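Two complexes, one shared chain (chain A), two partners (chain B, chain C).
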Partner chain A sequence: MDKLITAILDGDSAMAVSQARQLNASGLSPEKIIIEGVEAAMSALDTKCTLEDFNLLEIMLAGRAVMEVTKLFWPSGAVKDSAKGTVVIAALEGDVHDLGKNILKMVLTGKGYNVVDCGKDCPLQKLADTAAAGRPLAVGLSGLITTVIPVVRQVKGALAARGLDNVKVFAGGAALKQSTPGMLNVDFVAESAFDVLRFLSGLGNGLG
Partner chain B sequence: MNSLELVSATVKLQKTRRVPVIPQVFGHAAVLSGVSVEDYTSNGEMLAQCQLNALKHYGHDAVFSVMDANVEAEAAGCVLEFHKERYSEIIKYALSPGGQFLSPLVVPHPEKAGRMPEMLKALTILRKELGMNTMIFGCVLGPFSVATQLLGLEAALYMAVDDPARLEALTDFATDTIIRFGLAQLKAGAHAMLVFDPSSSPAVIPPNFFREFIFPRLKKTCNSFDQAGSMANWLHIAGPAAPILPFYPAAGVHIANFDYYISAAQAIKGLPATCVNGNIKPLAFVEDCPDAIRKESMDLMTAFLGRRGFILSSGCEVPLESRPENIMAMVGAAREFSNA
Partner chain C sequence: MPELTVITGGTERKITFPGGLPLRKILEGAGLLVRSGCTGNGACGLCLVKVEKGNDGNLTKNERLLLSASQINEHIRMACQMAPQGDLSIRIIDEGAKSAWRELPQESGRPITAKSGQGTGTASPGKTFGLAVDLGTTHISFSVWDMAQGKRVFGRAGLNPQSRFGSDIITRLTAASESTDNASVMGRLPLEAINGALADGCAENGLHPADIRHARFVGNTSMLALLTGSSPAALLRPDQWTRPFDCATANAPVFAAALGIHYHASVVAVQPFAGFVGSDLLAGVLATGLMSAPGSLLIDFGTNSEMALWDGTTLWVTSAAGGPAFDGYGIRCGMPAGPGAIFRASRRLSGGGVDFHVTGGVRARGICGSGLVDLIASLCETGELAANGKFTGGITSYAVQDEDPAICLYKPDVDKFQRAKAAIGAGVRILLEMAGINTGQLNRVCVCGDFGRNLNVANAQRIGLLPYVMPGKVEICGNTALAGCEDVLLSLRKAQELEQIRKRASIVNLSRAPRFEDFFLDGLYLMPMPAGDP
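Entry: the complex of A and B
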C-alpha cells in the first residue's frame, strides 16, 4: 500500500495504476484500495498543501493518478455504489473557469465519493435535473467569476422545487469564497477543495 | 501636456502634474453604450465607437482594442459561442493533446483570420479620431495563454509535465501568432500594446515555470513590439503575481499591472524602477459606492506619492456590470489629487 501512496504523491499515474493492479491481484478489494491507499494519499496531500505553500501542478498530477486508479476499477471514472455517497458538482452558466472544479472532482473521488460532474458553463436547470436523477448527498458549486453569484443564490430553490430540500449545497472557488453562506444562500463556503471534506464527513451517509 | 504625453512621461518615471488614470474599460464600454457584448466583440466599428463614447463619458487616459480572451484562439481554429450579455467562450479547442498538431498549424493572417481584421479596423478608427492625444492600446494574449486556449488549460498543464517539448513547440507557435498580430495592430494605429496573460498567473503555474518557460517568450514578444515602435508594453497577469514581478523589466515590460492580491508596498518592492498600474478590486466597481472607490483611489495615489511611475487603475478589467458612477469616482479622484 505504501508504494501506491508514494506513486500517487509523486504524481506517477502509470506506477500508481500498476501498484493498484498488483494489490487487487493479491486479493484486496477496490474499496479497500481506495480507502487505505488513495484516501491516505489524499490526506497526506491535504496536510502538505497549506495556503502559503500550494503547488497546483503537484495536486493536479496526484489527482490524475487518483483518477487513473479509479478508472481501473470503475471504468466510468466514478466510484459507483460509493458508501460515502454522491456529490454533484458544476461551474454555473457564465463561468468557464474549470481548473478548480476539476481539482475538487479529483479530491472528492480520491476520498471515495461518487462524483457527478456537470461541467463548466452549466445551466441551473441541468444541474438541478442531474441532482434529481442522482440523489446526491450534496451539490458543490465552483465559481471564479462574480457574475454567477445571482445564479448560485437560486440553486437551493431549484433543488427544493424538485423535492431535494435536504441536499446540502456548498460553494468554493476564487469568487465565491470571498462571500458567506448567507449571502450565497448555500450551506457551506469552502476555502479549498480539501476544506470541504470536513464539511461532507459531518453530513453522514447520503440519503438524497 | 495632453493625456498621451502624461501617460508617456509616467511610463518614463518622470514627474507629472497629475496621476494618469486608466480604468480597464473593455466590454464595459459596450454595456455603457447599450450595445450587446457580441456585437462589440465582433465589429471593429462598434468597438471603436463604444470606446470613444466611454472616453467621452469618463475622461480617463487610454482606450483599448480588447475584444475578449479568444481572438487568437479563434483565428487559429477554435470554435466559439457568442453571447449577448457576456464574453464568448470556446466550445471546441483547435487542438487535442494526443493529435498530430504541429504540422497543420499556420500562423493566422491578421488581415484575414477570425475577428483579427475587425480589431485592426477598430484601431484605425481610434487612431484617426484620437491622433496623438490619447494613448491607444492594442491587445494580444500572452504566449502561454494562447497555448492554453488552443488546447484547454488542464491539457496544457499536463503536457508541461508529460511532453514539455511539444508544449514548447506549441507555445513558440503562439508566440509567432501574437507577434504577427501585434505588429499588425501597431501598424493599424495602436500606440502601445497590452499583453493579457491570465494563464501565466502564479494561481496556475509555479514561478520557476514562469522564469524558464514563459519569460523568454514574453521577452521576444515585447522586443518585437519595441522594434515596431510600441510606446509602451503593458503586461497583465492577474492574481497573486508578487513572486514573478522581478522578471518583468528584463522581459521588456514598461507598465506592470498588479491585481488586488498584491499591495502597493509589494509592487514598489518588486518593481522599484518600472511604471506600475493597479489595483482596485474589480468587484468593488459593482458592489461598492463612489465614496469607497474615491477613498481607495486617494490611498493608492498617496502610497505612490514621491515614487513616480504610477497609473491609477483597476486590478484587472472592470466588470461588464460596473456602476458608471464608481468609474467616475476613480477618474475624479485622480483629477483632484495633487501629485506634488
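Entry: the complex of A and C
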C-alpha cells in the first residue's frame, strides 16, 4: 500500500496503476484500495499543499494518477455506489475556465466521492437537472470570473424548485473565494479543494 | 469624526473620516494611493499598511490567509480589509504605481530614421506631428513623430494608472461593469497620464502638443474598450471573445482635448481583431513582416500573452492569460525590469553561487522576467531544481542575495513561473496543431515585448519557454505593437496592409481546444518543448 501512496504522491500514473492492480490481484477490494491507499495519499497531499508549498504540476500529476487508479476499477471514471455519496460540480455559464474544477474533481474522486462533472460554461438548468437525477450530498461551483456571481446566487433557488432544499451548495475558485457564503447565497465558501473535503466530511453522508 | 494619521516619508497627514469605511477608501478619498492588484475585495494582499497606534479591529479571513505570521506580529494589515472606528495612526508600506515616465529605449518601436519610400500617406508639409500609442495592461508606450520627415522626436514609457483598479484585465473589466463611475475614470486615466508626459516631452523638444494632428492607438481589446467606453462588460462574456469587437473612437474632439493635442486632430483606435485578440497583435504582425514567409511564429509576452502563427495561408492567432510573472509581478523577489533588477544570471562553474547582472549598476533589489528565466534554467542545469519545479536536496528556496535586501527564489515563485510558461507552451502547440506543422518547420520565432529584450534564448529553450529551433531563427523584436502603430500612423499603405492582415487571421479559442489541458500539463515541466509532431 505504501508503494501505491508513494507512486500517487510522485505523480507516477503508470506505477500507481500497476501497484493498484497488484494489490487487487492479492485479494484487496477496490474499496479498500481507495480508502487505504488513494485517500491516504490525498491526506498527505493536503498537508503538503499549504500556501507556502503549493505546486500546480504536483497536484495535477497526483490527481491524474488517482483518476487512472479509479478508472482501473470503475472504467466510467465514477466511484459507483460510493458510500460517501455523490457531489455534482460545475463551472457555471459564462465561465470557461475549469482547471480549478478539474482539480476538485480529482481530489474528491481520490477521497471516494462519486463526482458528477457538469463541465464548464454549464447552464444553471443543466446543473439543477443533473442534481435532481443524481440525488447528491452537495453541489460545488467553481468560478474564475466574478460575473458568474449572479448565477451562483440563483443555484439554491433552482435546486429548491426541484425539491432539493437539503442539498448543500459550496463555491470556490479565484473569483468566489473572497466572498462570504451570504454574498453568494451558498452554504460554504472554500479556500481550496482540500477545504471542500473538510466541509463534506462535516456533513456526514445521511443523504447519500 | 475620528482622525487618521498617515505617516509617509517623514511627514504626517491627518484625515478625518466616517467610522466603518474601509481604510483603503479613506486613503483614496484623500488622494493617497496604496499599491493594489485587485478591486479591494481582499484578493491580492498588496495594499499593506503598518498600524502604529490605535485600535485596528480583528483580522479578516483574507488577511489570515495572505499575511505571514511575522507581518501579523508587526501589526501589518491590508488596507481594504480593515474599517477603523476610532483614531488611528498608520504607515503605508508601498505607495503603488505612480506613473513615472521614462525615456523610451532607443531600440523600442520602429527604427528612428525614416524608411525609404515613406511619406506615402497622411504626412503633409510643414510642422505636422503624430502620436503613436501602445496601450498595454501594465505599460503604456508612446512616441511622437515629425510626420513630414518620418522622424521620431521623442518617446516615453510608463505604467498604466488603471492598475489601481486591478492588475489584470478581468478585475478591471469587472470594476468597470460594476459602476459607470469606475468605467469613466478608467477611460480617462490613461489619457491624463499621456497628456502629462506628452506636455513634458513636447516642452523638452521644442514643440507644442497642439502641433500634433494625428493620433493612433493600438492595444489589447479590453484596454481599447475601457479607453473608448465601448461596453467593457460585454468582454466578460465568453461568447464575445472570438467575435469582432467594435471600439470606435466615437468622440475624437473629446479625446483630443483630453490628450491636449490639436482640437481637430484625427484620433483613431486601431480596431481590435476580436474579444481577446487586440490590435496590438495585428500591429506586431505588421511590424515584424510575419507574413512574408510561412512557418513564422510571433509571441508577444505580457500578462496576457498573444501569439500568431503564419502557415502561408492562414494567420492563426490566440491569447493566453499566463499571469504577470514575465513582468516580475506576483513573484516574491520579482520586480519589473529597471534599475536594481537582476536581468541576467548564470551559475558559477565552480565554487557554487550565482553570478548576476543588475540593471543600472546598483545593488540588486529583485529579479525581473529575463533574470528569472536565467536563474531557473541555471538551477535546473545544476540539478538543484528538478524538472517538476521542486527543489532537490531537501531545500525549499534558493538564496540569490543574503541580505540588504534578501533576494530568494521560493517554490511558489517557481510554480507561478511554471504556470505562465505552460499557458504560452500550450498556446504555441495548439497553433502549430491548427496549422498542421511541427517545430522543425518553423522558420522564424519573433519574441516581442519588453520581457524579450534581455532574454537568453538558449536558457528560454532549455526550460521550454520557446520552441526548440536553431538559435539563429529566434529574433528579439522589442515592442512590435508600438512599431506597428507607428507604421500605421506614418503610412497609409501600412494602414491598408494591417487591414489585409486582419482578413487572413483566424482566431483560436484555447479554452475550447480539446488538447489544451494535456499541453498545459506538459508545459508545466521545466524542460524543452517537444520538437516532433504537434
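General remarks:
Methods note: the second predicted complex is superposed on the first by the 206 of 208 C-alpha atoms of A that agree within 3 Å, B and C clash if a C-alpha of one lies under 4 Å from a C-alpha of the other, contacts with A are read in each partner's own complex, and residues count from 1 in each chain.
Methods note: a residue touches a chain if its C-beta (ideal position, glycine included) is under 8 Å from a C-beta of that chain, and two chains touch if they have at least 3 such contacts.
Bear in mind that the values here come from a model prediction, so they are computed numbers and not experimental data.
For the composite obtained by overlaying on chain A, chain B and chain C cannot both be accommodated without a clash.
By the document's definition of touching, neither partner reaches A:36: not chain B, not chain C.
Of the two partner chains placed around the shared chain by superposition, neither chain B nor chain C is touched by A:129. In the superposed model, more residues of chain A are touched by C than by the other of chain B and chain C.
In the superposition on chain A, A:68 contacts neither chain B nor chain C. Using the contact criterion defined above for the overlaid structures, shared-chain residue A:195 touches neither chain B nor chain C, since it reaches no partner.
In the superposition on chain A, A:11 contacts both chain B and chain C.
In the superposition on chain A, no contact is made by A:187 with either chain B or chain C.
The contact surfaces that chain B and chain C form on chain A in the two complexes overlap at residues 11, 55-57, 60-61, 64, 94, 96, 99, 102, 121, 146-147, 174-175, 178. Per the touch definition, chain B reaches chain A in the complex via residues 86, 89-90, 153-154, 157-158, 160-161, 203-206, 209, 282-283, 286, 319-321. Looking at the complex, you find that chain A touches chain B at residues 11, 55-57, 60-61, 64, 94, 96, 98-99, 102, 121, 146-147, 174-175, 178.
Contacts from chain C toward chain A in the complex involve residues 41-43, 62, 65, 170-171, 174, 177, 233, 236-238, 388-390, 396, 410-412, 414-415, 418-419, 511-512, 517, 520-521, 524-525. On the side of chain A, the complex with chain C involves touching residues 11, 51-58, 60-61, 64, 94-97, 99, 102, 120-121, 144-147, 174-175, 178-179, 191.
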